[in-house]
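Worksheet: the structure to be examined is printed underneath.
As written, the chain order gives the labels A, B and C, with residue 1 at the start of each chain.
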């Protein structure tokens, strides 16, 4: 999308300029502008901006049984230092991110590149790969939990045909997290694929024609042309999937039961937040977890912003 | 286009406007009130619907709306709702939570109401009314109670040529038969060593002479030798391959393994009657004895939310739920053992194919579940810690040490 | 020539091969869901598995309806999705237009403020939002789910990008005709921003339909539950009776599946737009 002159001006236009507009028109402009942004800004303020401060405040409190709370200073943060479950949940979330984000991106680029070739049945493939995107995570979790069932699941049955005794996919603490990662990648491919596909279609044909004349093979075309030109899209997708992966909850909540032995080794930061906030009624501590999550996400996004200068090509 | 916008605005404003009155719309002009009844067991829906129908014949002006929440989320929802003053008017309560709710002033003391209406509490077993008495005030009207039985699958016994369980059984016999019935080729386990407290390791600990919480309410007894021995016995079924593993039991519910003939025996309560009564292979016997006979007993009660807008209607409904009439309906459907004295026989006869007397026999040597204020918290710790023991990730000794420490800490809190 | 044609042929074959393997992996769970939903419980836990049920057990679906007010859940989810989506489209586009096309004091600050919401993980808002619902007495009502979801920093940002890309001449012409800003927005700009509106609409619809945590927190009564929450409570009550669980899952995803098949092009283009620039 082309940059409109307004966008450039945006950063410098704090001073009032009286150009061809009359004063009255100006104030009528203001009136309309404030009127038009009012509902959204008010909603954002009440439901999103003010809550940020409130959560920050709650993180210094401890909650009693039925809604009363008292100021306890830094207690919640001190408690975090000793909370092995919290540490574990960050580790789990970290592993989850390290696998889902890169593998998810690589696979969806692969599918997108293949779908960008001149082949038949493109739209059928695209539809099939997109199916998990429109399916609610609760249902996805349920069907995968069933596929993963160690005694009666389809997956272990297929493995048994090859003489392999399949593991306990969702109960074995060493494996469960990876089982969830597979589901996450499976359900996310379609979404990213569509974005990459539109990115690929934006690459001018002339680049490829030029490469063909130079006699470059498909592999070197991919690495020398496709990948660099796609890098802004890859950057965007990696930021959004990273933030999304940080907040993983639904799959874990639905697939790992409370009495499951794999809970400790799969629960994510957000799962722990949910537990403290709405199950254990430990809302002060939950608020502190939310604050910590915010800080971590901001730091990681900032790092990505710095790193992107090294590998993202804008033309 | 303009019309569309207008419509949208109307919808939005309408919804927001609606919000303001959603709490009061139950008290409409014609004197009718609507109260909500919150509970967790879907197996009792039919009986409850029938009770409500009967109630409405007496009080046509009080409409009762039911609200089911699965047990796993029930108390979490109640707590959330209590914070938001959105509790159902009448709801189920268990012994583990009654103290906390009574002291939090979330539920209504019923002593004065009962006095005013001459409502007698002598119609219920004393152990149950005691359970719901906090600081001299009664907070709940007993609804039902349950003990433990040894459920078994006759078909598996017949095929193995083993006689059915009877009251001569002890721990050794249970183990011995479990070994005989376990058949790896047919995918059959002799016994399911479930990780449950009521109808599980609590019963076994008591049978072995141990205790869960000391009489003074100050310390937990999980780390006592009797308790360790009982847990050992329980888990040995898993270790020896006579029971599905903890992982298998979380992936596929034991009750379903049992009803589909993959598990020969298991401990469970009378609440399973509804589920099993149409299966001709299933019957129940008394729980085998250890050093002594013991089973858990626990009963639910109906309580009223402190901030209900329809106190009178709620109290009328609770009285009716506690009446002989209602108890007989529950008895007839075989759902639960009604708490109202002398209606239990009707319950035993409700499902003649199943030996329900086994549950009534248990009453004589039953032990009530703990009802300290922090019981709910301790139950949480039990799940957290014991699941590691059950899946053999942690030794029993380490597990009970950790659990006892946590439980003792909870008990020492106010 | 023959050689290159063969090369092209084998290349196409390879591409199809990879894509088909992937497609099978994508579709298989759905097929297994449908197959399981039509089995008896005994068939579902038979070893080796029964692939095709002997008699189709439609009763599993009836059982789902009997135990949970599934139509009610569907209706709730529908209302929530429609009102949230319509609300966002209107409110976000209104604000986006002002941010993109009108100069007014405080515009940058206010816009940055809105943007800052995008940087914050959702959990940070949850507790206070929940407290607001408690204070308003909105727990267990549809508006508890709807209202916070009608305001979106993302939607405002996305649509602002669209409005900024539109040529200024159109607006000038309308102004000379004496239109005020609302009229310009409504008559001139909104129709031009259609791709953006469709994209935001699809995005919000999907998110609304599938969301689990917030509706679960504020709505526990079956009267106001959504499909996602209903499904999770089905799992809570039905333990592991997979035929019934699969029947419930299939019912829950069915309506979105139908909508997707009808509006495939819009869905895919819409997602591409929200992800692209």
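Criterion: contacts are C-beta pairs under 8 Å (C-beta built on N, C-alpha and C of every residue); 3 or more make two chains touch, one makes a residue touch a chain.
Computed from a prediction, not measured in an experiment: that's the story for all the values here.
Using the contact threshold fixed earlier, the set of chains in contact with both chain A and chain B is C. Interface comparison, A-C against B-C: more C-beta pairs in contact at A-C.
Centre-to-centre, using mean CA coordinates, chain B is 38 Å away from chain C.
Chain A and chain C, compared by their mean Cα positions, are separated by 15 Å.
Multi-chain contact residues of chain C, defined as those touching 2 or more other chains: 45, 47, 134, 147, 150, 217. The set of chain A residues touching two or more other chains comprises 67, 149, 151-152, 278. Chain contacts: chain B has residues 72, 80, 83-84, 251-252 touching two or more partner chains. Across the complex, chain A is touched by residues 12, 15-16, 18-19, 22-23, 25-27, 29-30, 32-33, 36, 44-49, 91-92, 94-95, 97-105, 107-108, 110, 113-114, 116-117, 119-129, 131-132, 134, 147-148, 150-153, 156, 161-162, 164-166, 168, 180-182, 185, 206, 209-210, 212-213, 217, 227-229, 231-232, 235, 242, 245-246, 248-250, 252-253, 256-257, 259-260, 264, 267-269, 271-273, 275-277 of chain C. Chain A contributes residues 1-7, 10-11, 13-14, 16-17, 28-30, 32-37, 39-41, 43-44, 46-52, 54-55, 58, 67, 110-111, 114-115, 117, 119, 121, 123, 125-140, 142-144, 146-147, 149, 151-152, 154, 157, 160, 186, 189-192, 194-195, 197-199, 202, 233, 236-237, 240, 243, 246-247, 249-250, 253-254, 270, 273-274, 277-278, 283, 286-287, 289-291, 293-294, 297-298, 301 to its touches with chain C in the complex.
Residues 65-67, 145, 149-152, 168, 170-173, 257-261, 278-281 of chain A are the ones that touch chain B when the two sit in their complex.
Interface of chain C with chain B (complex): residues 41-42, 45, 47, 67, 83, 86-87, 90, 133-134, 136-143, 146-147, 150, 186, 217, 220-223, 233, 236-237, 239-241. Per the touch definition, chain B reaches chain A in the complex via residues 72, 76, 79-80, 82-84, 100, 104, 106, 195, 246-248, 250-252, 380, 383, 387-388, 390-391, 393.
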